[in-house]
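Same chain, two partners: chain A is paired with chain B first, then with chain C.
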Partner chain A sequence: MNYFTQALAWIADPENLHGDGGLLARSWEQIWYTLLAVLVASVIAIPLGYLVGHTGRGRGLVVATSGAARALPTLGVVTLVGLIFGIGLFAPMVALVLLAVPSVLAGAYAGVEAIDPRTKDAARSMGMSEWQVLTKVEIPLGLPLLIGGLRSATLQVVATATLAAYVGAGGLGRFLFLGLKTQDYPQMLAAALLVMVIALILEGAYELAERQAAQRLRTH
Partner chain B sequence: MIRFEDVSKSYPDGTEAVRGFTLEAPTGCTTVLVGSSGCGKTTLLRMVNRMVDPTSGIVWIDDENVAEVPPVPLRRRIGYVMQNAGLLPHRLVIDNIATVPLLNGVPKAEAHRRASELMELVGLEPRMGKRYPDQLSGGQQQRVGVARGLAADPNILLMDEPFGAVDPLVRADLQAELLRIQRELHKTILFVTHDIAEALALGDQIVILAKGARIAQTGTPQEVVAEPADSFVADFLGLGRGSLDLHLRETPTGTLVLDAHGRPAGRLVGESRTDATA
Partner chain C sequence: MKTRIAAVLMAGALALSACASSNPLGSASAAPSGSPTAGGATTTLVVGSQQYYSNEIIAELYAQALEHNGFTITRQYQIGQREVYLPELQSGKIDVFPEYSGNLLQYLDKTSTAKTAAEVNAALPAALGSALRPLTAAAAADQDSYNVTKANADKYGLATIADLAKVGDSIKVCANSELEKRPYGPTGLKNDYGLNVEVIPVEDSGGPLTVKALKDGKCDTADIYSADPSIASNDLVTLSDPKALILPQNVVPVVSAKVNEQAAAVIDKVGAALSTDELVALNALSVAEQQSSAVIAKGWLTAKGLLS
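Let's turn to the complex of A and B:
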């Protein structure tokens, strides 16, 4: 048997699948870490992106900083923060949020920036306040690009979330690190396959959301 | 009444769009600003609703200096029909028309009812209300723009080439419609066009502008055509090219009116009426 069929057999084995540290539980952890990281990144990056997009100020600064954040080696961040704050979810979460912020930020401000200036001008000349221009025009019309940003952030994070296991947290990374230590390649491959499946499912969800947004906003 | 008092506007890049402009647009009348592209018409219009703040000078609405009125409430009580319709692409036509009443807190049902009336007024079929702007032709979009400008029942209406994107037939149609609306509603209208025929058709007062919004002549349509102030105005009117020179020719079936090239511009019916405004 080759590694691939062995990996599938490993996944199918009820003993590996169920239970506390089983594949299903770890998959949920993986998804949960991903969503949490993207959520935290959104809370930081979306308001900031809208601020930059709406005012047109601070764009250079934000682009430079998020470019630098993109260049940070995630494993290094995990290790560093782990050394300071100890093992557990905190360190990988910091690294994952740092990973997600640039894409979300770019999606938020690009979405606002890409709107036809005549549309914003029209909204203003109808007597919308700046807040109303933002909430009634810029946010809805910027939604497709924001979803695009969330999408690429999510995909980066879902794969990288395996690093959580490196400092003692859960997720599918557990099987990767365990497999690496015991040279159990089918187990490693099984975990990698599941990460891919989760990524594809999330992709599908985003695809639907993007289509919905485009249809509702007639920006297609 | 709208009054421009020695108003100038220089844009940050140094363009002097308007220089020392003074004009009064009387209440209940249509004042048409006509001039070639880039002479500062849009800039003048947008000073009234503070989309542009003058570099110097004062714009008055009745006895209010607009610079002292906060822009948001000011804009909500001035109808503005934009040069490019300027509709919100993510909103249904009916919601576009109802924008300002909704901002003013009018209940949605009432705002929509009013929007439907306005659609009828500007000649849009009711079913178009449920479309998005990009599902309308350019001319239909402009009608939506006009309806939106009227929605909050403003006393002042700023119209920036509102009929620019339509063919001559529809254009004439919309002009007639505007004249009819104006006979009913008596708004104070500031209307911008670069089409002299449109200016003559719609204006109670016509203001012919040269570059930098220099006033070449102000007057009623009759005055302007009968006594152009200078050669610039005469040229602009097309008098030099003879495009406003008409002749009569008797034919067995009636009197034809011919243009400078001898082509029929229309036919003579009855006596010419004495002019009410003269």
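Let's turn to the complex of A and C:
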């Protein structure tokens, strides 16, 4: 409990809060890295997921590959990519995207797959093209599961984005590494608490989005 | 039903607390603690090491030399931090531990003003207290050092830390983030050498990512341990420290009262043969050839005639 109050005091100290390397600036970095990683992962994974879900082909390959990617130790990826491309944001971003892709991919194809085949057949018998079936039936109906995939990807990435600090890219990980090495545990806990707060805020946003998506499905 | 759940919870809690209180080094304390005999043959000594490959190699040097001289050795390697293993040493659960003089002194006595290797060594016995004592510090040192690329050293004529002023008004140092808080970090560099320094945090303790960042020009100088073979293999130049800003870190064995004079003499013989160059060579066997500490130690001790 003592560490906990010390950590809260550390957060409240204006000297730690503001400035270039302050908690606020680092928190923004943390949020920004998270959103960027999930966005890049989405650009890769959502079209791929729809393709797999719509055609039903390549499912085994995609699931196995993305499952394997999920098992990659993130610190190892950061180090390997960092050794090739140098320090900075690129290496942790590659690792975070690799971490986010499997969840988004699963959300995208599972959403499309889970739709009752009779619904799709009905759409086709109304004369819809395959493209129309995808955009007018499969994507809207699959939205709740896709948002669920994005949600779990975001949650994993927001915590793991602390590793950006390992290669000098900043984020809240700065305080974790510094606190660990200088035995400043209140500082470590403070940063960990902020990561949790950011995760909870993002969770709240996804919860709202999921409700919206579900409601729209019901009213249609 | 409720009571049954409570019973299960209680059992679980008991099991947990049993785990928490059982000592991870229990086997070591359970080892026979026979009093040091003249021959030393019945004495079991516990040798520990930090979670640092080079430290484990040094520990293994002590361990094998002691075994050769009739001592029974229990190994407790790869213990993370000083605040974990030092209490174990003080309570007599570990008997021999390779330490680094400056950092050990600073840990034990934060007010210490010792700067040179001799001053540090002189201050250690009192700082360690009555339960522990340092043996003779080796010539080998493994300490923070500021390094530049050969190309930049030639271009700007860099030999000492003070020369970094020639590179520019603001100097970037690639190092673990804790350098910010260290006395030899930005504050010390400003006070002793008049340098304005910014730390670029790379958290692999002067490892390959730090070296890569230095070679990529992301920083002007990098903090790398002086016994790291990558300094030579990457053709880096270590800047000298004429103002003795960086605390010397000579390898010094810290031993418990169980280590008798005969054992101490064995350990000191190993230390006497260990220079920094020798240590770098030992580390290189681990880094470049991936040899185990046992193989490296056996080869070195044999070559030095310490196993004959």
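Heads up, the rule we're going with is that the second predicted complex is superposed on the first by the 217 of 220 C-alpha atoms of A that agree within 3 Å, B and C clash if a C-alpha of one lies under 4 Å from a C-alpha of the other, contacts with A are read in each partner's own complex, and residues count from 1 in each chain.
By definition in this document, a residue touches a chain if its C-beta (ideal position, glycine included) is under 8 Å from a C-beta of that chain, and two chains touch if they have at least 3 such contacts.
Nothing here was measured: the structure is a model prediction, and the numbers come from that model.
Counting residues of chain A touched by each partner, chain B versus chain C, the larger count belongs to B.
Contact with neither chain B nor chain C is seen for A:Leu17 once the two complexes are overlaid on the shared chain.
Applying the stated contact rule after C-alpha superposition, one finds that A:Ala110 touches neither chain B nor chain C.
Shared-chain residue A:Ala165: touches chain C; no touch with chain B.
Of the two partner chains placed by superposition, only chain B is touched by A:Arg118; chain C is not. Once the two complexes are overlaid on the shared chain, A:Gly86 sits against chain C while remaining clear of chain B.
Residue contacts after overlaying the shared chain place A:Val40 against neither chain B nor chain C.
No residue of chain A lies in contact with both chain B in one complex and chain C in the other. Chain A makes touch with chain B in their complex at residues 116, 118-119, 121-129, 132, 137, 140-141, 216-219. Across the complex, chain C is touched by residues 79, 82-83, 86-88, 165-168, 174, 177-178, 181-183 of chain A. Residues 83, 174, 176-178, 180-181, 200-204, 208-209, 212-213, 216, 218 of chain C are the ones that touch chain A when the two sit in their complex. Residues 46, 49, 51, 71-76, 80, 82, 84, 86-90, 99-100, 103, 132, 134, 148 of chain B are the ones that touch chain A when the two sit in their complex.
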